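Right, I'll just put the structure down here and ask away after.
Residue numbering begins at 1 within each chain, and the chains themselves are lettered A, B, C and D in the order written.
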């Protein structure tokens, strides 16, 4: 492990999320603050393999803190999954005199970083960037808060039209394995039901619940459905089921889609990104490697990468209960 | 035709659009200003038939100018399409001493109003409320401007993720018969192509154009597709075609859906709604009937309802040309 | 202390903040869930004294989760500071058979609640609602997150014009005693300097720092100033000082003002409000009194009211450091 | 006048406004479409004098359509007001082989362009970019629509807190000579009174009107004040007057300030900018000079620059009346 780093590389990998640019900016400026060189790597591990690098200084990252997406672009790399690919990446880094790497991405990206370190002893540090909030070791991943606001804003709009027409809306939000977005945005959007991968409500109970809600005088309803919900039907099949089994509702479907990944990051995500970038660079400078920076109990903390990639964060059971009570 | 009206009813009908509440407010307050009574009719023609009315005064409409949807709710009424239904509606109005009716809605709603007037001589006035902007006699329908901003905001977000990943996005926007939303939002969103019902680009030319755009160095592209586009394929078939016929693009689809109907109305729509409400009530008070109020050459003008319901407004050819030039 | 409560009252007091309506909704629905009656008190302690109450059920709070301000209105009450005033308030509550009170407000409101309990043994529970985030016992007060997003959005807009004209902007944000808004929004807005009540940068060092920033190539700068900043000059005097002591800058001032208190609450604040309302009601039902609910380590926790009103939360020193590094 | 232009320069001048970047993009892409070279001039006429130019092609303007401010920056130039300054500017243009100039700005900028043409016969074309909407020859200047939405959003937020506390707010908006922003945003924000430069309501009548509004049951009020309102007092003096002459109101002041100039342009402004850029370049290519492009009756039209700089557009009297009726 190098005593003193002289040049750090930063890349974004996997699905993009709002706040990635703010994190890149923070990594670059923290390097500048410590008089360390910094390079940006384009297109994640692909660019690492190809040596697609760019020197970055404090000015290079001016005006990006409020931009969605990632100026370094992101990609999934098949080649990096091979030993040969990783060897090329290592060679590129050595050739460019880089001696530390910050990876902004999700658990797939961290797995790659960990293997890379194990093979070449190259110092790596992870920053959790994904809207799904499914990574162990941080209460919030970068982009989660922004995505929630985007989803809630969309639900508010759909509510306008739903309640003007006495309609039932199924609204699909992101979350293939975890229901964090669905659960939080569902509560905030005042959803009548929330279907998540962690819990199988069952179709009969869903219909029962909707009937109960209608009897209580609600003329319109919104059901939030996570992509990976456990009922095991896609959202259009859900609609068909309800169409057949409930009368009097005009059922509509809305799939929010990729819009959820974009947009100017919220204040929360910009501050989080700024803190994470500082912590990641300074941890590398302290000689640490194979950690992910995260927010735990309001503080920046390190979690070993091999813990971060094990499993997904659990749904907060208190929130499930709050959701039930609110849809009384 | 009554010389002096004493009580005016207002209803919203058809698909809701942002600005309908602002128009209701304006109708109610203009009545108050002229010391005329005003009642709100719930659920469009359905409520007219059932006599589902509510007395409204200046205070009833406080705090609604910035709310999406319609506090009077909207519905489509089969019964109003029958002579019997319309007779009931007439009876309800007479019983409530109403002697004038303002209908906020689209061309279907206006057709109903016109027949109603022809059968019973009841004074009616239309306010064009629909996000589609497809009604002859006004350069802007209520809600069009707000919907455009909603769509453009979504495209901006999708662009963030598209350009981070070198992706091609097909984004479907509302507009079954007309491409106004697609064309305006497409230009404003910097779309590479815009597919509208009025024009058949053809699949080969679409692929050609996308290839050209990519050769010019664009690594991501957004194609806006109106629901009723002429290529005659739905947006998922479009994706499949491009997947098969173009290499190297990661193609995604996003259907913006009902979100486009909701949200706080823009300043433009609130001012337009306020003007239209005044004009509608004052025109009724002047003894006019069977007109729609509209914005023409920046002024409030009346168009006979039977003109307003004939055909759809044409696409602005200048905008088509601007779109072509911008995607150079 | 009553074993079983039968009727709970809820009021909002002090400066309003986004999320108060979501908290009212949660209190009301949690009461409904537990089959407890609930009444809303208008205009804070004023309404408590006057018995200005309204029965509330699950339907009364429909459609308010996304509304800024407070439907119960808020006020400051001089009379409640007197023994006589509090006696009247107690009589009103007893007369209405209320046996528990939820107070949504800041530390002044909590002090009142605590005295009220000490005098009459009336069960009270606090929910921290203020944008200032200055209350001990919770990492986030209701409305803080929303206010931050509002401020950052304004800074983004000011940045557009600042950088088009090479201008220096002083932007004043709320925070008379604490710099939480200034510090977080300043980091997120990419501010060059942040002046807060907790720290006295000094005018000379401010000018030095701005000069340094300009030499590094920045042609425009934004300085965030908390209302109560320690330099002890108001923002217009700051401008005058810089006008006199720096050349070449076109200095402008923007005071964001009350806009910061309004707007639809963020997802974060809506979820927080929902959780806090549940916790407040259920804590009262468990026989607890004189606590404030708060968010600590991501969980709902109770803090004795007399702790909550002692002092203000400290500024996060890590954030100060991050701010320094980011403005490198 | 040159028969065929080969190279066009574009600059932004005066106060910046949202949509300027979209207009630059349109000018550059229209040049590319017609195979004409295009250069951007930095800092308005200052950069013209100094020859601070940059070659621009379709790629240079990628990703700017949704950005506020101006990437070319803007400035006011004293030197361009002298014959010597304009001579230098002409020399710079000739040296760079530029044979046409598009000026995006307000009437001051157009006056400069007109004198420049008169002295050197250099072809110039104006695009009206200012949020004030005060230029003859177009119903909408670039940025006006966006600024209105920004102002209305701020009023909505202030309304939340005003109505929670029964407060009277004076909100100052931009408009030194004209009340277009105040009048439109006032109507859309549901303001109780609107004070504009074109009309002197008088302090007594203002107080009368506010008293009337309160008697009608309104517990909070918002008065929109244009910077240059005719009452001749600044907004803080207005507050003092009302404080002294009305009882029971808690009066607050909010000055919206420079925030109004920034932000992502609305769909309307982006489309308008795109159309104006095409029209400006193609008019130059047709050999025209000394015109401003504008939106008249929904079409792109040319107005001689010397008309455009004569006087300010009049306030729409219909809107004044609508405002009166709405605040019934």
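One rule holds for everything that comes next: a residue touches a chain if its C-beta (ideal position, glycine included) is under 8 Å from a C-beta of that chain, and two chains touch if they have at least 3 such contacts.
Computed from a prediction, not measured in an experiment: that's the story for all the values here.
Think of each touching pair as a link: the shortest run of links from chain B to chain D has 1 of them.
Comparing the CA-atom centres of all chains against that of chain A, the greatest distance is found for D. Rounded to a whole number, the gap between the C-alpha centres of chain B and chain C is 39 angstrom. Chain geometry summary: the mean Cα position of chain A and that of chain B are 35 Å apart.
Remark: chain A and chain C have CA centroids separated by 28 Å (rounded to whole angstrom).
Annotation for chain C: residues touching 2 or more other chains are 156, 163. The touch graph of the protein chains shown is a ring with every node of degree two.
Here, these are the chain pairs in contact: A-B, A-C, B-D, C-D.
Taken in their complex, chain D has these residues touching chain B: 25-26, 29-30, 32-33, 58-59, 62-63, 65-66, 139, 145, 148-149, 151-152, 156, 163, 184-185, 187-190, 216-218, 264, 266-268, 270-271, 274-275, 278, 297-300, 316, 318-319, 321-322, 325-326, 328. Per the touch definition, chain D reaches chain C in the complex via residues 12, 15-16, 18, 20, 67-70, 73-75, 150, 154, 156-166, 169, 252-263.
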